[in-house]
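Below, each structure is written out as structure tokens.
Shared between the two complexes below is chain A, which has chain B as its partner in the first and chain C in the second.
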Partner chain A sequence: MLEEKQLEKRAGNLIFRNVWDYDPAPEKPDHVRLKEKYDLFINGEFTPPEEGRYFESVNPANEQKLAEVAEATKPDIDKAVEAARNAYNRTWGKLSGRERGKYIYRIARMLQERAREFAILESMDGGKPIRESRDADIPLVAAYFFYYAGWADKLQYATPGMQPRPYGVAGQIIPWNFPMLMAAWKIAPALATGNTVVLKSAETTPITAYKLAEIIQDSGLPPGTVNIVSGAGETGVEIVNHPDIDKVAFTGSTEVGKLIQKSLAGTRKGYTLELGGKAANIVFEDAAIDQAVEGIVNGIFFNQGHVCCAGSRLLVQEGVADMVYHKLKDRIETLVVGDPLDKNTDIGAINSKAQLERINKFIEKGLEEGGEMHQSSANVPSNGYWCKPTLFRNVSQSHSIVQSEIFGPVLAIQTFRTPKEAVEKANNTPYGLSGGIWTDKGSKIFQVGQHIRAGVVWANTFNKFDPTSPFGGYKESGIGREGGLHGLLPYLKLN
Partner chain B sequence: MAEETTLLPRPDFTRTVPIDKVGVEERVDRLNKRSIKTESKFWALKLALNMVDLTTLEGMDTPGKVRQMCYKAMHPHPDPDIPAVAAVCVYPNLVRVARETVGDSGVNVASVATGFPSGMYTLESRLEDTRYAVEEGADEIDMVISRWAFLKGEYNRVFDEIAAVKEACGEAHLKVILETGELETYENVRKASDIAMYAGADFIKTSTGKVKPAATQPVTLVMLEAIRDFYYATGKKIGMKPAGGIRDSKTALRYLILVNETLGGDWLNPHLFRFGASSLANDLLMQIIKQQTGNYQSADYFTID
Partner chain C sequence: MAKRLDVLKTYKMYTGGKFIRSESGRYFVTENKQGKELANVCRASRKDVRDAVKTARGAWGDWAARSPFNRGQILYRIAEVLEGRKEQFRHELMQYGIQHKKAETEVEATIDRLVYYAGWSDKYGQVFSSVNPVASSHFNFSMPEPTGVVAIVAPDDSPLLGLVSVLAPVITGGNTAVVLSSETYPLPAASFAEVLHSSDVPGGVVNLLTGYRTELLEHLSRHMDVNAMYYTDGDEDAQKMIQEHASLNVKRVVFDHPKDWTSENLEHPYTILDFQEIKTTWHPVGY
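Up next is the complex of A and B:
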């Protein structure tokens, strides 16, 4: 394979978008029904918060307010947990698996019917490109509900020889990167197993969870079975520490996950934590290079890099490193950065101002520590929060850009010589959520894959999700699994 | 940059460049979701028309039929803003007719040669076929490779034949038809593309149109990526021509998107990209008029030749 000097001398990089740039093709949001104010969804009703406080949810692509959203405090959480407890004791908890399944199927169907509206709102509230919310997020949301609906009356087959029983009331806290999908990952298995739910959405992306509440209300689910609240960290603390919560499910940062684990230590509560990651994408020289480049791009730039399992570290075998880098530079030039509602957008808005500041701080640090940065030449809008696709070279395991979870479109590139070195570097992190291997040789996939200490290892692909597949972390990336048969177990007591 | 090309060692064609089928098809699916609107669509439709090699390759082709097609090629529509197509493509015995008809209008004459479509003839007769077409006035030669030799693993024979045809072409441009429908795998398509480019092809072309499947988007992407790697290695720009089965504007635009996002703007012109098609031109015209007027016209408003 050619080296960088030869590549530069012979041809240099290609030129994109100089001749044919696509005109805007925005998805129209006019049929989306958006309320001015969203109240808490408790006991089947939209209920104003006890302390009367509301906060704004803004569209990160233009910094405009979308709606006001209720902030839940302790009295609201008390009410929500009480509603969930009552539903567990009197209605939902008494239903047969078959009956539960019917409700969950109904929710799945209603979500599919309104998929377009949900996709548009998910993009408006979170900044993700409509291509992803339309083709990935919302179809997966329906798929998870369909999948777990199927389990509702078959639980005894999931746990042969044992009598599975629900935990009771589950307190669930979800992040802002996949608001609807994380809600589905939490709610669907909880309902299938007969638990009731108090779910808190993330502070910057609360709106679609309330749209889901509308569907839940319309589905006729017994009041109190699913309660949805919104607020920041303090609201989450009230849920985690509530004495009548039986199980906590959290997806978010490792930092907060550790606090939750501390506060739950010594209690009877069960918990699952799905935390941060710093996944390595390992590209061997015998890989299909063009498809590997595509996988690297999908691995780090999907959802602006706001993905806990993002392939944020690239480990590439030395012989092909220059070629892969050259191709990556050309490929990121074709990524369209901008209006999330435009059907051609590949990279949308950074979710919030705070997150953009955090990403920029890491980029500065990367430069200070001596990394070589390359960004695409994309033009970004003047309003809103944006970060161009960013590549970092000349960095090592000791650089913060390699160690820390940035949660943005920033890829750190390193090289390796042998499979052993690749595995050592891949595992040399406190995280262990995911990993990727790119090689044309089947046996190498298994040989290397079994040594990667991560919950998910993708081979010749990246960021693929399926309801039947368990997902979760090693080490500081979390405890417990969501998805698949494994995802039922954290919601069941077995004896 | 170009001088260095000759110093490049010829790659070992027995080595296979890995191509991941699932990945190629996913990439095509993703690019098919691009949404082309308003001005950028209008521009691309006109460009696509300007890239068509208007083709007739039938045993029933007559001088009259070829002349009619040439008139259409030079003057596809009464509107003077609508461009002519790039070339007409005919069998060698009709090259002279085509040459005389298109004259110096700017529309090129392309001829299939080398025992099209199977290529199952002696190299001597295939070279003679080529020289004849060039002498009759062809600007471009569309040759077929010996698929039998390729599939038997005689890559050097395929290489040498292409190099010999290139020599026989003289000044004429050489398009090398891989007949990807017979090569079956993407890795074969990639290998045949490499052999053709290193042997001197100016264009690589998917199909004869006589074998199914003819051009497909994933095959075209694999070939575009081969062209890209060849460019990275040599600085030389090779053209691409998907042929067969591209009948409507929507599909044509999808091919242009593949080019735009794989090779970039430099390839978006008839010198480096062509469509081999017979019925595509009329659909492009219909869509161009729709963009101009806002309405679809009846098919009766478009000439049938």
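Up next is the complex of A and C:
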């Protein structure tokens, strides 16, 4: 066993922040068009809510109000579903696949034209670093529309031997961690397959969905084909329980997903659920350790850890455990926590006050249960919601920090001796969304990958997404796939 | 000369490759349409369900790891063994009042359905897999893997063909099954267990229980180590209950209620896909 100091030395100490400061490099929001008030997007028009209630959307990086947003209640959902039904029966549902595809292509192009504006707003409303919204979220949004546009007139090749047809009206509920991207994951395949849509954005991040509605309006999509509403859980309940919804697609927590599955019992509605996760990132002794450390950082600190497939559990083989830990400690010292609009920022703001409190509770619990915590020494702004990158050691399988989805920048670190033990620990949660494997040995990747009960396995990489690549969970992480060819199936009935 | 006395058969349940009675010691009497008592049948308990799920879970790893070719061979072997025992099954169906010709057709359709799914074992993976042309420098592919332990409520109205039609796609796909047999006509399922037993099907892959739906549906659908539930009776109240319980651990729920189990329209690989999970794997490409 190497002494602590030797390890520190071996791991190197390239912490530039000790040597110089980064100059601020903020993205300017001056060309962003932000309205003071956003109304519901129903039947192609921005429509005030029936009950006249509005709520505030707050910038989590400075706690300032960004805009007021309409709260949809039952009469609004009734109107939205009726509009979607009419569009399905009269306009969108009558279009050929080819014409549908052209509308979706048009939306993709318009998104690309306004990509920077969307990226900035996404960072302002949700707190994610501009580096991510600019380089990951928004380009992927356009890519998903582009990918599914092309499927619209080729669906018979996606379901060999069967004639596919749409469900009808899809009710879609999305989370706050990737507001635009989740809207794209939901809307693009629904439209390609000929369904119409009522989509609810998340309570803390409703703004970019309405910006998307502007694009949809500009694209000339037949009114009612896509309806976008906002509100909290009660609004979602109205969508799920609406008798004229044919299919429900939900992304969010396992807890809410279970409630939805239960409330759909006894109906003939189809459903897809994309729920929580507690992914294990498994690092073997023969891995390229520096690459693995980068992957671990990307796995848990990408998007402040607000990622259902985040690599929130690190399983590291004993022989390299101390080295990996020290390298990780050094690496998180270099992470810049702060203004999401600053191009140097690695970790932005926690999405909401409520989420920050939830994360802090888990951290407290982790300490109570005997975990050994280390946080980076980053300075965080005085206003806004922030959480420094956090590591936990000396945690065991039963600790809540190992079992529960925290949805924050908190990594639980455990060790293992044999591949079998790693697999057993990796699978020992009710979740099964994703997993990571770091090793130089190809056969080990395939063997371990086969045994991880999860819908996405990243080998020597992590948190990669692509419209052609199906995504979704095993076990309590959900039902059905989104993305790729497989992502069409939940929106199609087969004859 | 005295007439020879028939040797009557004791009908048992089948779990973990063993023929067992209910741990509860309970039984029920199965009758034909005219009310004639045919035999005593085991009346499974909640504990029998739990034991069977545990057995199915234990058998799952090995069965899922078998090569698709091997699973196909075993499915085909079931068909072969059943072919040799056609007469017995025809007779058992006729005991319940089914006409000779219809019983014969049903047994033959059952054998053919096994052959049909045997053939899919090493093909559905190709049909439902994809290599995904991602924009980044990664090799990315998706392929189906078995969902796990599947609870099957075999159709009440089609005790042999219906049973095999729901069981074959589940086990072809590498899942293990806990099956609640037809309640009204339990005898063919109990005898089918003997066919499974002599067909190289590893113990625990198929666990056949007999008993009352009103007693057992709840425990099957609530069980936290059951990954999916397949129900084909078409009773809407039961469907509602099953899905409500399924939400406890996000079980996959498949409801189906075909009118005619002999229809070839029922034969497609999408029933296999219903009990598969798609796994997507990413590998970087580079030196």
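We take it that the second predicted complex is superposed on the first by the 480 of 495 C-alpha atoms of A that agree within 3 Å, B and C clash if a C-alpha of one lies under 4 Å from a C-alpha of the other, contacts with A are read in each partner's own complex, and residues count from 1 in each chain.
The rule we apply is simple: a contact is a pair of C-beta atoms (placed from the backbone, for glycine too) under 8 Å apart; a residue touches a chain by one contact, two chains touch by 3 or more.
Just so it is clear, the model here is predicted, and its values are computed rather than measured.
Peer 1: Is A:460 touching anything from chain B or chain C once the two structures are fitted on A? First, second, both or neither.
Peer 2: both
Peer 1: For A:334, is the partner it touches chain B (first), chain C (second), both, or none of the two (neither)?
Peer 2: first
Peer 1: Once chain A of both complexes is superposed, is A:286 in touch with chain B (first), chain C (second), both, or neither?
Peer 2: So A:286 only meets chain B here.
Peer 1: Of the partners chain B and chain C, which touch A:58 in the superposed model: first, second, both, neither?
Peer 2: After superposition on chain A, A:58 lies in contact with neither partner.
Peer 1: According to the stated criteria, A:485 is in contact with first (chain B), second (chain C), both, or neither; which is it?
Peer 2: Touch partner of A:485: chain C, not chain B.
Peer 1: Contact-wise, after the overlay, does A:23 reach chain B, chain C, both or neither (first, second, both, neither)?
Peer 2: first
Peer 1: Show which residues of chain A both chain B and chain C reach, each in its own complex.
Peer 2: Of chain A, residues 460-461 contact chain B in one complex and chain C in the other.
Peer 1: Can you list the residues on chain B that touch chain A in the complex?
Peer 2: Within the complex, chain B touches chain A at residues 1, 4, 18-20, 22-24, 26-27, 33-41, 43-44, 47, 225, 228, 231-235, 256, 260-261, 263-266, 268.
Peer 1: Would you mind writing out the residues of chain C in touch with chain A in their complex?
Peer 2: 127-128, 130, 132-136, 138, 140, 142, 145, 147, 227, 236, 239-244, 246-250, 252, 268-270, 277-284
Peer 1: What part of chain A is in contact with chain B in the complex they form?
Peer 2: Interface residues on chain A, with respect to chain B: 2, 7, 9-11, 14-25, 131, 135, 286-292, 294-295, 323, 326, 330, 334, 343-344, 440, 460-461.
Peer 1: Which positions of chain A touch chain C when the two form their complex?
Peer 2: Where chain A meets chain C, its residues are 143, 160-162, 254, 257-259, 261-262, 264-266, 273, 275, 430, 445, 449-450, 454-461, 464, 466, 468-472, 474-479, 481, 484-486, 494.
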